[in-house]
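Across the two complexes that follow, chain A remains constant while its partner is chain B and subsequently chain C.
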Partner chain A sequence: MIRSILSLLLRALVVVSGASIVTFILLWNAPGDPALAIAMARYHQVVSADVLDQVRNEVGLDAGFWSAFKAWIGPLLAGDFGKSTVTDREVWPELVTAMSYTFPLAMLALVCGMCVALPLAILATKHPGSVLDRAAIGMASLGAAIPPYWLGLLLILLFAVYLDWLPAMGALSTTHMVLPALTLGLGVTASLTRIIRSGILDAREQAFLPAFRRRCVLSRNIGRDHIAPHATIPVITVFGLELAFLLEGLVMVEVIFGRPGLGSFLVNAIEARDFPKVQAVVLLTALVFVVINLIIDVIYQVIDPRIGEHDA
Partner chain B sequence: MTLSVSGLSTERSGRIILHPTSLSIEPSARIGLVGPSGSGKSTLGHALIDDLHRQGRIVAHVPQSPDEALDPLRTMRFHWHEAEAALGLPHDAPRQQQLFSALGIAHGDLRKRPWGWSRGMQQRFVIAMALIGSPELIVLDEPTSALDPVVAADSMDLLDRFLSGRQTAMILITHDLALAAQRVSQLMVMDNGCLVEQASTSALLNTPKTKAAKALSAHRNWMPHPC
Partner chain C sequence: MRSVIALSCVFFLLAVFGPMLAPHDPTAINIPNRLNAPSAEWLLGTDALGRDILSRLLYGARRSLGLAFLVSVIGLCIGTLAGLVAAQGGTAADWMIMRITDTFLAFPELVATVVIAGLLGAGTESLTFALSVTSWMRYTRVARGIGLAQKSRGYVVQAKLAGLSPLAIARWHYLPALVPSLTVVWTGMFARAILGISALGFLGLGVQPPMPEWGTMLLDARIHMRSTPLQMIWPGLAVVTSVLAINLCGDALRDALAKQNGHNLRSAQR
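Presenting the complex of A and B:
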């Protein structure tokens, strides 16, 4: 047990540090002149070569890869995310602010998605092939096929422009969260509905179930005690992957709806080559992934300890 | 009390796999249901159990392999409590101990899940679970085919010993006539979805009347069989 926990933590460490280092290398070697991007972001105008040299010197771009790497990783190991190369302000407080916009939105999308997907999938599987089942599959396919950037624009057109029910841009109030959450939630609902439905249908085909019926166990109890746990395993697996798609969707949705969350934070940082900010987002995302996967591994251990017992 | 069913039949995708069949089973009877693979033995067994359940009789079923009887995600204790509750019985520790000792699994750790036990022990656990409500009939569907012969023979011996002197009747479904010959006093032969012959074990082995019984009798495996 201790060995498997240690190996999980080791794996987590490798993922987080690997992601950060690879991003650093990629950013450093990205085409274009980072000094120019930074200067543009700072002064919003074309600048002279002298100013560029000054920026290069300030940010440490002229000192070479290794010294820049050391200048970044040294403070990071002490928990310091550094200062923005554009505004010279600490990255951490700004990151916290961005998170305070993004996490509630992500949670809302996930919770709404789950609340719709679970009953929908359970209803659909009551009578496989029925109209309701087909409608659920249709909705799931549609949800998977519509990209969030397109759906977001459609929702803005409908609810903000034509009907004028909801605000389109910004994050001033909770009503501002409705359209972005709907945009993200549809994709989440679609994939969760699909996976819960097939999870339940597969779990119902377990070879041991007829024996339980012949043992006179009530079908309600069979559903709760035997079908549900078996259906949970694929759902948990997909839930982890779902998070990846959710983060990807978040970046676009926040930019479309003009929300000051992690997505906008990241896009602005990349455009301005604000290395410390990009690095902070990457590190944070990697951490979130690792933590979610750790939780999933623990849930696996509870439901079915056989999963991963050979490679843990 | 004699168990009887009449007109059992089963159809699957428009094809009749069990022609109308009637049976009566005396208390303490030891019946072997034999026939080639696909002859409808298991189907008859299932139809019989379902029909007797509808009559309100207590009938237990032991599937071919423990994989078909136990949920790998649930502990042995959970299975046991669930089986008791399904029969409307409260948990009874002495009864559990008695059945476990009778089937030689008293040392098993109930906190484990099925795959934490050997297959032989799992099968005996399933048999013990089948005996919880002192059923009037226990139907064993190829109970030995998924186990190694020695383990299978032990399980059958323990079950025989437990059932002797009790009212519980037993139906042993098997394609192995040699196994049936050692364990049962009556044989029923199935062929192509029909019950074609019914006789005492010795009569059927010595003077089989139908083609199916003759074929089974001729091709039986009389090699030394541990069970």
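Presenting the complex of A and C:
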């Protein structure tokens, strides 16, 4: 097991370095003159060629790909994300501020989603095909099809415009978090319900269950000791995907609700062509993603050693 | 079930023939009639520039659905090819391709798409590129998984011994085995592409005005949410129903496949 965990670690390392190279290549090859964009953002006027050259030199754009890559990756390995090319401020503190808005929201949505999805799925699978079961499936399908930005707009329309119960824009108080969390939470609930439901149904078809029943093991004990562990595996798998979904939803939801989180940070940085900021966000999300998936893979090895034998 | 397939067909027909049905020019600006409520002349009302919303939706169907189709097919081709090479090539090729796939999978799709489309500059080409580049990985995993399973089958081994080229083996033995599972993955990715295109449109990075597209229409409608909320409902509803129809088709397909053989289902879900 130690060996397979080590090989998983190696894979994660390869993926992270690959991701950083891809990120850098992407920004390096972005069309348009970044120096011009930076100069425009800094001085708010059309600038002469001399100034452009100066900016280019300052930011390190004239040095060529590999030296620029080295200049970027060196401090990064020491945890230094560099300075914004537009405002000349350190990227990391701003990133931390942005995350302090994003993280609680993501957690709230995830916890709410889990709290609704788990009981709903368990109740729905009590009688497969019942009205409740159909309703759960319907909600899950609908939740997967509704884009978060539209849902967010509808919620704003209902709760902020018509009912005037909740604030729509900004992030001043905790009440500002309700609508974004609801928007994200509904999507999370939908996909979790779907997965938990099919996980439970799959686990129920395991061949050993009738044997237990014939031995008069209480159905409650079968559920707890045999169905639940089997249903957990797909749920853990999806948790990784769920995180991606959450991150994607966050970008849109933060833009709609005007929250100064990671999503708005990214969109603003792209518009300003502030490369260090974009790189930082992209690399950070990739890193979080890889680490979560690594943890999931390791958990797999612990829960079910059969998994991973055939996986490259 | 039939209703779902019928609905998907309706969307397909709308994407193809929609523009012919449009009662007005979708880009004709008519300021005196701006922000009209639905009426006999403007069935779904008009937008902030007085353009007919129904016509814009119909023209937009071609952009939203057509581009999503294009993107998902590009992803399918790249992904399947990479997956087959991984399955047929040696251990080194397999390792390389799968690590590249993992690397691309490490970026959350929408984040990567927004960054790529944003940096390339808003427009249809950069949108197509951004969405294709981020959507081939799932096909690769599925294609490789099934390809590896096929490798040890008797008829594939025999074909190899008989001197069939790898290309021919891929064409005659791997591809037919791949079609069902890949179709299921494809429906999912098609639906995701619709969502992705409208998301980019909503961020202002997608199809550029004056060309109508559902996400861009939502973006325009958002400002007038208080005065004409209905304007915001229509494009969203179009996205939701089309994605729902495609997803449900995919589900039905998967269930049918699961009945046929329980094995492929697992690989399709991964």
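FYI, the second predicted complex is superposed on the first by the 298 of 312 C-alpha atoms of A that agree within 3 Å, B and C clash if a C-alpha of one lies under 4 Å from a C-alpha of the other, contacts with A are read in each partner's own complex, and residues count from 1 in each chain.
Quick note on the criterion: a residue touches a chain if its C-beta (ideal position, glycine included) is under 8 Å from a C-beta of that chain, and two chains touch if they have at least 3 such contacts.
Note that the coordinates shown come from a computational prediction; the quantities given were computed from them, not determined experimentally.
Visitor: Should the pairing of chain B and chain C on chain A count as a clash or a fit in the superposition?
Guide: fit
Visitor: According to the stated criteria, A:Ala207 is in contact with first (chain B), second (chain C), both, or neither; which is it?
Guide: It touches chain B, and chain C stays clear.
Visitor: Examine A:Leu13 and indicate which partner it touches, taking first as chain B and second as chain C; both and neither are also allowed.
Guide: neither
Visitor: What is the contact status of A:Asp225 with respect to chain B (first) and chain C (second): first, second, both, or neither?
Guide: first
Visitor: Please work out whether A:Arg215 is in contact with chain B alone, chain C alone, both, or neither, and reply first, second, both or neither.
Guide: Touch status of A:Arg215: first partner only.
Visitor: Just to be sure I read the superposition right, which of the two partners does A:Val298 touch: chain B = first, chain C = second, or both, or neither?
Guide: Touch partners of A:Val298: none, neither chain B nor chain C.
Visitor: Contacts for A:Ile25 in the overlay, against chain B (first) and chain C (second): which applies, first, second, both or neither?
Guide: Once the two structures are laid over each other on A, A:Ile25 reaches no partner at all.
Visitor: Between chain B and chain C, which makes contact with more of the residues in chain A?
Guide: It is C that touches the greater number of chain A residues.
Visitor: With both complexes superposed on chain A, which partner does A:Met169 reach: first (chain B), second (chain C), both or neither?
Guide: neither
Visitor: Report the closest approach of chain B and chain C over their C-alpha atoms in the superposed model, as a whole number of Å.
Guide: After superposing on chain A, chain B and chain C come no closer than 17 Å at C-alpha.
Visitor: Using the touch definition up top, name the residues of chain B that touch chain A in the complex.
Guide: Residues 46, 49-50, 53, 60-61, 63, 67-74, 78, 82-83, 85-87, 113, 115, 129.
Visitor: How about chain C: which of its residues touch chain A in the complex?
Guide: Against chain A, chain C makes touches at 94-95, 98-100, 102-104, 106-112, 114-116, 118-121, 191, 195, 198-199, 202-203, 218, 222, 225-226, 229, 232-233, 236, 239-241, 243-244, 247-248, 251.
Visitor: Once bound in the complex, which stretches of chain A touch chain B?
Guide: That would be residues 206-208, 210-212, 214-218, 221, 225-226, 229-230, 303-306 of chain A.
Visitor: Name, in rising order, each residue of chain A that touches chain C in their complex.
Guide: 11, 14-16, 18-19, 22, 26-27, 30-32, 141-142, 144-147, 149-150, 153-154, 156-157, 161, 244, 247-248, 251-252, 255, 266-267, 270-271, 273, 278, 281-282, 285-286, 289-290, 312
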